[in-house]
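Common to both upcoming complexes is chain A, partnered first by chain B, then by chain C.
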Partner chain A sequence: MSEESLLSDDFIRQLVSVGEVDLLVGIPSRNDSKTIGNVVRAAEEALLRNFRRQRTVLVNIDEGSRDGTQEAVRQASSLSTNGYESLRTSRWITTTTRSAGGDSAALRTILAAADLLHAKASAVVSGSTATVTPDWINALLRPVFCENYDFVAPLYARHRYDGLLTRNLLYPFSRAIFGKPIRELRATEFCFSARLASECLNSADWNSDGIRSAAETWMAITAMTGPFACCQTFLGPKPRPAAVGVVDVIRDALTGFFWCLESKEQYWIHGRDAEPVRTIGADHQMTDEPVRIDRKKFFRLYRTGVAELSEILGSILDAETHAELVRLAALDETAFRFSNALWVRTIYEFAAAYHHSVINRSHVVQALIPIYRGRVHSFLTVHRSDDSEAMEADLEDLCQEFLRQRDSFIERWNTKR
Partner chain B sequence: MTLPVQSEWYKDAIIYQLHVRTFFDSNSDGIGDFRGLQQKLDYLQELGITAVWLLPFYPSPLRDDGYDIANYCAVHKSYGTLDDFKSFLAAAHERGIRVIIEMVLNHTSDQHPWFQEARSSRDNPKRNWYVWSDTDELYREARIIFLDTELSNWAWDPVSKSYYWHRFFSHQPDLNFDNPEVREAMWDVMKFWLELGVDGFRLDAVPYLVERDGTSCENLPETHEIVREYRRRLDESFPGRMLLAEANQWPADVCAYFGQGDEFHMAFHFPLMPRMFMAVKLEDRKPIIEILQRTPEIPPHCQWCIFLRNHDELTLEMVTDAERDYMYDEYARDKTMRINLGIRRRLAPLMDNDRRRIELLNGMLMSLPGTPVIYYGDEIGMGDNVYLGDRNGVRTPMQWDGHWNAGFSNADPELLYAPIISNPVYGYQAVNVDSQTRSPHSLLSWTKQLLRVRKSAPVFSRGSIEFLDPPNHRVLAYVREYGNDRVLAVNNLSSTSQAVELNLRKYKGAIPIEMSGKTIFPRVGELPYLLTLGPYQFYWFRLRRI
Partner chain C sequence: MKEMIVRAFQQAHDNLTRMLAEFLPHLLLMLVVILIGWLVAYLLKIILRGILRVAKVERMSEETGASRLLRRAELPTMTELLCRAVFWVVWLGFIIVGVSFLGIGSLQKQIADLIALLPQIFVALLILFVGLLAANFFSRAALLAGVNAGLSSPRLLSGTVRVVIIFLALSMALEQVGLGRETMEIAFSIVFGALMLGLAIAFGLGGRRLAARLLERHFLRDEQRERDDELSPL
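Now for the complex of A and B:
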């Protein structure tokens, strides 16, 4: 019986026609008809302006759009690119992912294209990122193509209250464990080398369910934990994410990250020294336009969660940690503060509980969500009037706290309760 | 002996370009001559070419490789005598080889008696045969062509104390074609050679014949009028003879030189040449398709002349700035290789001596629309010497064998007009006619076979062209059609193997027969026709309906 292929015959036919390339820009899309036109034009202009002599291809991997996204791609790619002329034929590939791959299928398909076309540098840019400019694409591709980096992570100018999961958990946790200060672990824009593409594509991890919700995170961590040169590059303002589906996003992010910890355990389990990662451009920028946030709701959800999930939390956390969370939940909202030390201890205990499957793993992750909301409430309160420098200083404190408690976490990870 | 009048022979021709000086030295003075060339006609006949185009062989101070003519109706003494020329011409015609000679209309040498007279006094009857001015202000919009050497198109004549006009080197004063005496004198020159039996002229520097203030002084209507007049006289008195235009211009401008079929029979397609090199380096058919699609239709009795390399630099005048930069970086990274707006290198070194790429380019040359020109020595993959100055590096002696002076001359090596190429890769011991004649797989043997196949199908010389548009842009595919004859040419421009699906539905039912080995391929059906090609491989298929 023939093995089912990730790649359709039509896609392979298109790859055959394109042949070897120097640069690839992959654009995953799903119902992005309003934004993808700009992304496509930005990518084309970036390639024509900055890489006129290179062999290039744009690859749109559509994940079943029903809003005319693919038509928008076709229209955008036929428009002029501000007078920039290519020496070569402009090449486009479009395909739709097959359902078997789940959420990771788009990235895997781009990796396959990059590998089969021998692309020296491949940038991934989300079709939903409305603020993409040609400079973004250039900034992503150039370190890999010109400076032999294997992985380029993005840095964005974010609103002070955006990216809170990254700021409070993913970045400081991964930095402490993997030793490399890459901020945007779960990025929708990044770039990779042929070497990294090949390593990732041939990984057995694709057989795991864990990768389904964390392919980008997994790839970043693969770069951080392998013999790959990593850097970060500043792109520009990242649009504020849509408020819908936040719980799903958080759940997927946490699930994916915890799974990555397991899959890369051999790398960090004996402790890693910190290694610097080059940053190109600004290392952080913050926007500050006023937004309405219902902080009370976060606290309410925390308090409810701690009460309703008491039994589950009891099986996940040490008694002392659990008691502290319960004590905090009893405080008046104005007095509520979730300290860095407690937050780090809580997260580490959740991660270990996930690893040991003390209860159903999805329940572990689900139980963390109200706790995370409590942390967010505290973050918003503490930093209500802080400037970006103060927020950065606090972030650094948090990172150090993750590092300080790392050894006990590793011990906990290694010892099933 | 003249060959019988044969209409449109130039369309079926395969032209071999050479300089008498470079080919074979019969009298051991270190310089090739007509007697030597005559001795090598059997070689040319066996190669399969049908016409020879001779670079200027007239008396000349040779400050521009003979394009500075001092006497239009004689042979430079280094190359022999007029009788030697006549003997050579007869011998060529006996072998069915036509002879095209160079005619430089636009200018003479400053050593030409006409110019010597003209500069002698302002009242001399020949004064008005050249273009004079008391200032250097006129025609300021005309570009300078030889940017590396000339600062102005005007040169000061200290003898007659005025400026004379020159579009090329300052020792090449332009003739004044507004003067009817000049026009008549140049027709007399042409008539002289036509009466001897030459089959055609390659007219040098045609766009610059006439000057008008406020214009670029190129391609002016008055210039076309002069060409039309010469063509009328040619057809009247010498039917079957041919005029070939050298006009390094965009196709739309060159097309004007075909007129309504009443100016030139043929013209060089200059912009195509660099784009063939570019396409191979880019591994992309775009440059070739774009320029050919921008090439207007030409009158039915006219023909493009196409080439890969010639005696000049690989000119990059007819490309964009970005394309020129690319070509320089890819083909002439060493600045010594650059001259004017071009690259002074031969075909084989340009292709890094890669036999597959040399074959591919020759394959395209022989299958794209137009009459192909082969530059002497390229059929054996001769190298160049960029250190010889000007464009002399691509004008070194022909390499006949591995012996004394490459078999070119018995003279002492120091006497040779130019040193023989002697490096280990392209030197005469490694690259020569003798050794390649002995090998059935040499470039020379391959070229002979290619020319045989080309000549077996008039569709190559006279057919229409339709480009196919396969998704694989590394493959250049087209169908040539002439009457019921159809040939499919498929070229892999890439250094790697390629698969290509061709939409041949229009030719459904045809059986492709590969023309070199006469191998039958599967019949064309409804589905895209799948072909695989090795690196730089090309196929010519005759599409037969049986």
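Now for the complex of A and C:
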């Protein structure tokens, strides 16, 4: 799809009337009427306070909200600017996505807008993130606009039990394979340069399952694997998202990640040395408010999954790994521990099975969900009383385990089963 | 008397010679057609094998689960199976055409009937095979969805999906070859109707509370409770 057909005529007219800009803030939204007002005010204040001499534009890409989100945007954007005044043009544009590409359509529209307006730095901030402050926008834009970085990933203060797929799989796996320790691969807030926008926009893979499932992950990995300078910046507390449709979320995240592994194969297949990534602000922060968690449910779902999916797991995993998972499922819940070594081996075997399409790829990814639940149960048990430093130490161990088993994974990846 | 016997033998011999003289060219023609047929079928098989390799049919077969199905049935790979099928269909066609050159009246009609039936048998086999693949794919999808949703009997769901699809494919295949058309339609209607009625009764009577809980959860969503049930993975 060309840029012209991706963008509506009205949106193009609005973009043309804006002309060139220095900075762009894109705010994708979908039924975010309760939170988007704060995001809009924070973005306006950040631009007026920190970038008064720059030409700026805020772009709201609404994905068919039916709760008055766009009205909330209009109301919020006409509110106070806390006494700050722009010395250059500062504009607002709002549009709705036309294609059915979900999150990828919104990101693609923002990229197209950034490209057309020649924005030097573009930040993406989700309309659903209630805790956005002007400092977040500033922290995202400044490294790209002032220090020539191409991609800024966020770091959040998160609840100790949130982001467990990121913590147990996406981050350590990508760090071992791509060599860059970027923690938030599937962030809702990030910033990119004109160069990276242009590279991503020109990709021929926008209609692939991988990008449609996890466009942000793909963009982050494109930045990590290309000639782009990356850094990560601490933003602040990330609100706990409502855990609706967890299976879909995991399926999309894994589909996108495994697809990226395959599409960037040439970058990592011969092994990459670790490269440091600059971190601005705190490396990690955890919150610890009490939450009710039904740990038994995770174990029950793991045990049922391993028993019911025995045949499918048998076609994905090595006999030894499968036998070990079955043995664990037979243990008493209190004795159940999913070791780092077994977890890493299992994940690598799943990734290779996805690559070799041993069964339908979507089924490979879905078969991993019960195993992930087992790992979550073990994680919750092991870290029940750990402080954040102990949890960080364990995360580092996990990263090292991913690195230790990397060569055998590459061999498995290259060997047709 | 002796002369008569000799003449009769002579006539029989002449008749046999004449018949052989008439029949042998036909037989030879048949053998030539069959031989050419073998060569054409073999060439097509080789060409098709190359095309299927380029088109990565094996990979598609793996993805759809067809390969596993074939392995389980101890059949050759998908590429080999398609090649062999084409080889035999083409060669069988030539054999039938060749046999028709023999000019045996009663055989001609049987052959014509067989030729008319061949495409239908082929289509029926294709329907059956696609049906088996679809049954395999959708039953696995149902099993995964059931397990991940935490349903108590995902295998029952998966098995039901498999049986319904196989039964549907079987009835379509049999209808294609014209076997028991009405019987199959009636049987399918009865089985499908009974299954749906059974499920409705089972769900309505046995699962009233479950239904109420499901509806409640769907329409009166309690975000806090859901949040406690599952942690945010990202």
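Following the convention adopted for this analysis, the second predicted complex is superposed on the first by the 407 of 417 C-alpha atoms of A that agree within 3 Å, B and C clash if a C-alpha of one lies under 4 Å from a C-alpha of the other, contacts with A are read in each partner's own complex, and residues count from 1 in each chain.
Going forward, a contact is a pair of C-beta atoms (placed from the backbone, for glycine too) under 8 Å apart; a residue touches a chain by one contact, two chains touch by 3 or more.
All of these numbers come straight from a predicted model, not from anything done at the bench.
**Student:** Since both structures carry chain A, what do chain B and chain C do when superposed there: clash or fit?
**Tutor:** Verdict on chain A: chain B and chain C fit.
**Student:** Figure out whether A:I359 sits in contact with chain B (first) or chain C (second), or with both, or with neither.
**Tutor:** second
**Student:** Looking at A:R55 after the superposition, I want to know if it touches chain B, chain C, both of them or none. Which is it: first, second, both, neither?
**Tutor:** The answer is first: A:R55 touches chain B but not chain C.
**Student:** Please tell me which partner, chain B or chain C, touches more residues of chain A.
**Tutor:** It is C that touches the greater number of chain A residues.
**Student:** Identify the partner contact of A:D162: answer first if only chain B is touched, second if only chain C is, both if each is, neither if none is.
**Tutor:** Only chain C; A:D162 stays clear of chain B.
**Student:** If we overlay the two complexes on their shared chain A, which of chain B and chain C does A:R91 touch? Say first, second, both or neither.
**Tutor:** first
**Student:** For A:Q14 in the superposed arrangement: first (chain B), second (chain C), both or neither?
**Tutor:** first
**Student:** For the superposed three-chain arrangement, provide the angle chain B-chain A-chain C between C-alpha centres, rounded in steps of 10 degrees.
**Tutor:** The three centres form an angle at chain A of 130 degrees.
**Student:** Which value, in Å, gives the least CA distance between chain B and chain C in the superposed three-chain arrangement?
**Tutor:** When the complexes share the chain A frame, the smallest chain B-chain C C-alpha distance is 40 Å.
**Student:** Could you tell me which stretches of chain A are touched by chain B in one complex and by chain C in the other?
**Tutor:** In chain A, no position sits in both the chain B and chain C interfaces.
**Student:** In the complex of these two chains, what residues of chain B are touching chain A?
**Tutor:** Chain B residues touching chain A: 278, 282-287, 320, 322-323, 326, 470-474, 494, 496, 498-501.
**Student:** Report the residues of chain A in contact with chain C in the complex, numbered from low to high.
**Tutor:** Residues in contact with chain C: 161-166, 186, 240-244, 246-247, 249-250, 253, 291-294, 297, 300-301, 304-305, 308-309, 312, 315, 356-363, 366-367, 369-370, 372, 376.
**Student:** Going by the contact rule at the top, pick out the chain A residues touching chain B in the complex.
**Tutor:** Chain A residues touching chain B: 13-14, 16-20, 52-53, 55, 85-89, 91.
**Student:** Chain A touches which residues of chain C in the complex?
**Tutor:** Within the complex, chain C touches chain A at residues 59, 62-65, 68, 137, 140-141, 143-150, 154-155, 221, 223, 226-234.
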